[in-house]
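Letters are used for the chains, namely A, B and C, taken in the order the chains are written, and counting of residues starts over at 1 for each.
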Amino acid sequence: MASGKREPFDNAFVEWVDSRLPIFTLMVKEYRAFPTPKNFNYFWNFGAIAMVMLVLMIVTGIVLAMHYTPHATMAFNSVERIMRDVNWGWMLRYMHMNGASFFFIAVYIHIFRGMYYGSYKKPRELLWIFGVLIFLLMMATAFMGYTLPWSQMGGWAATVITNLFSAIPLVGEKLVALLWGGFSVDNPTLNRFFSLHYLLPFVILGVVVLHVWALHVTGSNNPLGIEPNGPQDTVPFHPYYTAKDTFGLSVFLILYVVVTFWFPNVFAHPDHFVQYDSMVTPPHIVPEWYFLPYYAILRSITFDIGIPFTDIVFINAKFGGVIAMFGAVIVLFFLPWFDSHPVRSARFRPWYKIALLALALDFILLGYVGMETADAVKFGIPLVYVGQICTLYYFAFFVAIVPWLSKNEKALPLPKSINDAVLAAKGA
Amino acid sequence: MTSTAANQNKDDGETRREFLFLSAGAMGAIGAGILAWPFVDSLNPAADTLAMATTEVDLTPIQVGQAITVVWRGKPVFIRRRTSEEIAKAEKDDNADLRDPQKDSARVKNPEWLVLVGVCTHLGCVPLGQKGNDPKGEYGGWFCPCHGSHYDSSGRIRRGPAPKNLAVPPYEFVSDTLIKIG
Amino acid sequence: MSIRKFAFSLFALTALALPAHAKEGGGHGEAAQHWSFKGMTGTYDRAALQRGFEVYRQVCASCHSLNLLSYRNLADLGYSEDQIKAIASEYAVMDGPNDEGEMFERPARPSDRFKAPFANKKAAMYANNGAYPPDMSLLAKARHGGADYIYGIMTGYADAPENMTLMQGQYWNAAMHGNIIAMSPPLSDGMVSYEDGTEGTLHQYAMDIATFLTWAAEPHMEARKRTGLKALIFLLVFSFIMYGVKKRVWQDAH
């Protein structure tokens, strides 16, 4: 970044700083002049929206932590004190609680956009990998935050999820005791969860910096999936995309405000409002909605994996479920290598488009299965079978359908340039 | 002619554009400013803290010449039942050379009862002088061990680095033997 | 473009699902009553709150605690400071230790928490045949259906169907999960006489206690909706202006 050439600034102070540390030059280069494809649609808003949600979560979280007590006997009441006695505490808490949901909404749309328009493909593989890493860290952070109010739902979610690790052969039980710091989910567990819940968002922020850095090296992808050829294909980021992102953000925040102020508990279960009791498990434990598809995958592995018609078992059902659940996220890391098709955008890959939209519906269906009880039957169909078929499709998409399509799918003709396509669309 | 009109149109468009950008920027800034307030205000004392802001003290067990310390808003409050000598001395010193001049009568509701916030006005230590064997300083009131401030039997600063007299908290006599502080 | 259609249908689905989900929270088998606090600008009916507090005080409080509430919170119900002091002083709370190291009882002050009927959960269970009367501070949020559920429980008692045998200390209730409840019917017509002259019927008691408990669970609901309305109006105007800005900026792009 220590390039010799630097345009001087008019403002004397700015110039003084910039000649010593070219931070203003950097800002101008990366956020004002940065050449950005001019054909983005509104799906490209969600990166900026997710960024704002992350900042909002950190700021509300810091203030909430000033009032929260991470102790097994006091945590629940300290949250209620925030809700009742702290000035604006109810608002900050509801903003944080629902902010997590809206952060995930933004990130899920952002991921889907990346998959639809092939943003993970060469040369943006590392950019994609940082993105998946952020997603993984978000899941860990959200899960630990869920435990902090020390409610029936939070405490038992912590018990169930940490118990997943007991499935690991040989070291499982020891590992779980290590996670808990005891023989059950108790005060030591709560304390470390609080510590990590405070730490991880800043790790996320660090990875976001890498994510954006990588983006600014390769430049943005666009709905056509072809690289810009020159200045006629791009616009400077400011004011074009600052204006568009702010507009998109404002509309997104309208939805956020409606939920936060009128339906603040719509994502919450009644058992969030009962203090944790290690002796009584609520009849129906559900994770937050953004984990439901993965929860369904976990529960779909109801069978041991081994040599058929013998007693030889390699992986029992419990461990199989855990592998499948974590595998469902891990598989995302390898998407750039599963898909080697030269064309990026699904606009020009009709079969990939169908397969991906099917995956999106599959994912929503998994979420529905995850929401219902394990033995639920709808329309005469046991939901566990639905979950198993959906899980099969989920993995088949990545390891079979996409690799096959990338060898055999014939793409539609690509436009010559972004500018041509934009002008053609305007003329039509 | 036509070119002037076109120019004027362009200027009008330019002005409207400027106005639009300006109002968007102003609105964004105002919105962010208003949003900042709840975050700041949440650091102020909460409703339960404010509700604990008054303390009632029963004075019956205190003998003449004795003093007790009670907690009010997390701070010590000194309540001393003064002897007639202490009262006389405090009143006599009304005209002495005081750093923070104040008459004794302005510092009490009933001369027998002196109620003070027990926090040295220098840097917030708790002065000594409540117990019988405590050093009471040169003026028979309180002595702050941190930096050597001497207070008299009316709680006025007489010597040492403290700039002001010991503060009198807001209080009232609910009855002859019961006061409410705060 | 199919991606647009797809996104739109997803959005529409979510928009439909949200209120449906919210309604599910308010239904769950119980008939939905008409509540003053529902809706975009709904507020708590102060008279109903005060009556509900009377019902709590005279009936529920003998078994159910309200641990998260303090007497000072009654100001929300429209009581004056003196009235609150008078109410609080009717209860004796434990304080101390005093200078002799002894715990002692004194009349409650507005800053004290509501006095609980039992010293702890074990004592509460012991006094109630092993069934724990739950703390009611968050009851309206801790049960599917909220106020409608509470109303349903209060009015849902009936004789058990013939094919069902109840053990001693069990009662049949239409709103209860599994229809078996360990609480004897707590309210009946004329049990509490209201100061404001409202007729004391079971329906009225059930409505009032449900309103009171909804307030107890969510005391800042009115401020929440007011603040939300301001934020919403701000964002609508800001979005409108930003749309104009975006249009203007992009005008000369192509």
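Definition applied: a contact is a pair of C-beta atoms (placed from the backbone, for glycine too) under 8 Å apart; a residue touches a chain by one contact, two chains touch by 3 or more.
Keep in mind that what you see is a predicted model, and the values were worked out from it rather than measured.
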For this structure, which two chains share the highest number of contact pairs?
A-C
Looking at Cα centroids only, farthest away from chain A lies chain B
How many angstrom lie between the centres of chain A and chain C, each centre taken as the mean Cα position?
34
Measuring centre to centre with CA averages, how many angstrom lie between chain B and chain C?
39
Averaged-CA centre spacing for the pair chain B and chain A, given as whole angstrom:
49
For chain A, jot down the residues that touch at least 2 other chains.
84, 91, 246
Give me the residue numbers in chain B that touch at least two other chains, ranges are fine.
24, 28, 47-48
Scan chain C for residues touching two or more other chains and write them down.
238, 242, 245
In the complex, go through chain A and note every residue touching chain C.
38, 43, 77, 80, 83-84, 90-91, 94, 116, 235, 239-240, 243-244, 246-247, 250-251, 253-254, 257-266, 270-274, 346-347, 353, 357, 360, 422-423, 426
Using the touch definition up top, name the residues of chain A that touch chain B in the complex.
59-60, 63, 66-67, 81, 84-89, 91-92, 246
Complex interface listing, chain C residues touching chain A
2-3, 6-7, 10, 18, 21-22, 25, 40, 68, 73, 134, 137-138, 141-144, 217, 219-220, 223-225, 227-229, 231-232, 235-236, 238-239, 242-243, 245-246, 249-250, 253-254
In the complex formed with chain B, which residues of chain C make contact?
70, 72, 99, 110-111, 234, 237-238, 241-242, 244-245, 248
Would you mind writing out the residues of chain B in touch with chain C in their complex?
17, 20-21, 23-24, 27-28, 31, 47-48, 51-52, 61
